[in-house]
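Chain naming follows the written order as A, B, C and D, and within any one chain the residues start at number 1.
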């Protein structure tokens, strides 16, 4: 384990050297980068075992802090078993850096193309959330129900890979062109549903992307139940949404890692610490 | 751990000295107070891990027995990781006592203002229960379904922070004025829904507040399913509620810690004992 | 632990002596009785932790084999923490045998009165199952959906304690008269719903009562979803039930502990063996 | 444990000897066969504890690689407690090989007759999935909702044992004739619902059968919720399914153990490795 971490640290240092000018800065950046990779491993476990946004499928990535034109993503294994040694560094065309070992996820273009199109995005999650597939199949738009889901007021578009060359039998984002079409459809939104497939969720930090994915599923379950309950009440499914006040703008992006998001993140990481030997 | 508990005990003793006249009484009260803080820590874990009323968000407090104008509440971390050393003692204006360490929850005014307005309340829980948000969004009132939910017959009001200066983007109870408006709306009820946000649940003991929060969510799920099933039966959602007999008054408050509540409380505490090293 | 078991064994032997004539028979009966009590402890844990028919509330009993006019039931603690030393031996009037320690459940009359009225019943479970409360509140009758729920074809009546002197505020079966009324309403059925409260489930063995309680809840969930799905299909909630063939009689009672029930029982016991130190 | 594995290995070697000509080939085949049996044990645990397709009931088998006219299936215990020593080797008439110990499942004919009729099938799962029973009871056909459920586009028939000599009281596939009728009804499909009972799911590998059973249940839950949500939206339950493009054929069978199925399989096996002492 320790040996693996040292190797990654070494790899990070080499890649970072090109972008940094002094050894002092490099050393600090390398430590920050190592912490980022550690957090990415934890995020994989949190999404799989603690908040269950991921099952055996799906993946999470984080943009490199030292080199914003690179991102980190596990090799093609289930999130619930990812270790530090499984993390691969990619450029934004989703090519692995020389020296990377193991096969990457076929759908890594989801991550690379979103990072390319959205400099504000620091982390991306691709999940097969049943709640998201349900809303897209029923043709019902997600509306904001909860005080932690303000980003849903910006809209959660639905995107269908079949209209961009995807095949009905697997719907996979298997090449850069599909990834680019997906990123274009996402636009400036936080999250987008992939019809018959799942969801892509972003955040301006790893912690924020993780909590966004959690709140998105929670919001969907509440919306479905509220529509049902409203309909039973004889009101035709009338539901009061938590909309922005007229004329209000979207809130400034949550500072990365701040406040309540950070509180949940620290907790969720603690919950998977034992399985990671931390 | 032991050191932390000793410190809390010392702190409690100092605060208690002002209100007590003899060292004998102080010593007994200090032990009771230490037990109360131990129970508060257990309640945090029970609500998070055993009955899952709290997720990474929300909090639980208990009124000081030695000084009813004080209450105990964790610093701003997730309930599932609260330890004795994290407990802060507050006055009813939600100011921490001198010497407290760590930041408090932004929304601690929910607790302080309810204790101020309701001398009978000994414990308060603020949770983000999906069931509660669902009922408020659908505009359907909770009705009593279960023999352990008699307090629901008194009504569970819905309160909207936006009408009292709260902002639509986070709905937080971030100042005394919002806390006071919330406490006024709660009135003499046991529980109140916060629209788009969650719930505030009270009890005349910590054990009772915990079981009330458990039964409230259970009641909501049963009511939703019964309305659905009644509607499927061709009866327009007709449901038989468990109402008080005509002319009957609300039952006297359950003696703190008595009977079946106490049985569940002892069990739930046992279930989290290992993680607390007890 | 061992000491406790020895004490129970001793207690059983003393109680058994009155009904048996030779020491040889006594010894064999005492061992069987000890195994029965061990199984009752396991049933408590299985119902609480493995199949989740019981939460912190509810209880399970078994009729004594050595003395059919006696039954075993835990003292008043949550099923999930019951140990051998907690088991009390009762007569059919629900009076504890001399020497029993600890308070009994207030509602033990559910057990005693059913055993009195139904010689074929060897085990009784009282649970607060949400599924059962839901069906009673909606006024919909349980119908058989699954091949393991044939007993549901005999009907699952709904009984309301308020019509027999129970109080709306707690609905508890707190005296022999209420227990007798409940047993009369149960008649020859396997299970009966207690309106606003829960369910009473019986079996001709402990294993059968446990699996009956499991299948009853499963059947209810399937029936609710099937009615919903049938209604969505435009068919007005048409559902095909698994009824007996015209003219067919109820199947002979499953031999105690035989076949598939026994398979599940052995598995469920194994799942709680570690927590019981077995 | 080791002793048990050695015995199975020995048994496999003996049975394999008849079909193999050189000791070298035998040795390699025997090792592959041992790995297959190890995987079957893991599949039992995965289905019971990790993806919860099986509860205390139901079973999973795999066709022998060394002798395609044989298959492996546990003796009649719950899947969650199966060990290597519990595996029995059967011929396709579901007769155990000489030397097998322990009673087989009464319903083993489900497995044998499907293997006989379908040379392409390498693994069979029989589960009591509530989702499957629900769809059959409501008379609604499963339709494909998810990109991993393409096989559902081939149709998931519903079969009623009562029309082929099964009894309403248990619906069991207790003889070869019922197994043959079942296999005929399955035809070339991947999965078939058994009315009032459960489901039979196949795969061209153990990993594929396991993931098919997982996706089938997930698809059913999404379809039910999407129909419900579509109906609430005022659209009469309109749902967009993930159908094959007009004129498209079913995809070629997934190569056994390839790609994403394999990724999940490796993960699920890792999740039960500790309980198997691996």
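The rule is short, and it goes like this: a contact is a pair of C-beta atoms (placed from the backbone, for glycine too) under 8 Å apart; a residue touches a chain by one contact, two chains touch by 3 or more.
Values in this document were obtained by computation on a predicted structure and should not be read as measured data.
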{"item": "Between chain A and chain D, the fewest steps along chains that touch one another", "value": "1"}
{"item": "Rotation in the CA alignment of chain C with chain D, degrees, nearest 5", "value": "90"}
{"item": "Separation of mean Cα positions, chain B and chain A [Å, integer]", "value": "34"}
{"item": "Chain B and chain D, separation of their C-alpha mean positions in angstrom", "value": "47"}
{"item": "Residue list for chain B, restricted to those that touch at least two other chains", "value": "227-228"}
{"item": "In contact (per the touch rule at the top): chain pairs", "value": "A-B, A-D, B-C, C-D"}
{"item": "Interface residues, chain C side, partner chain B - complex", "value": "56-57, 76-78, 80-81, 106, 128, 130, 133-140, 162, 167-172, 195-197, 224, 227-228, 231, 236-237"}
{"item": "Chain A residues touching chain B - in the complex, by the definition given at the top", "value": "145-148, 150, 218, 221-223, 225-230, 232-235, 238-245, 248, 251, 259-260, 263-264, 266-268, 270-271"}
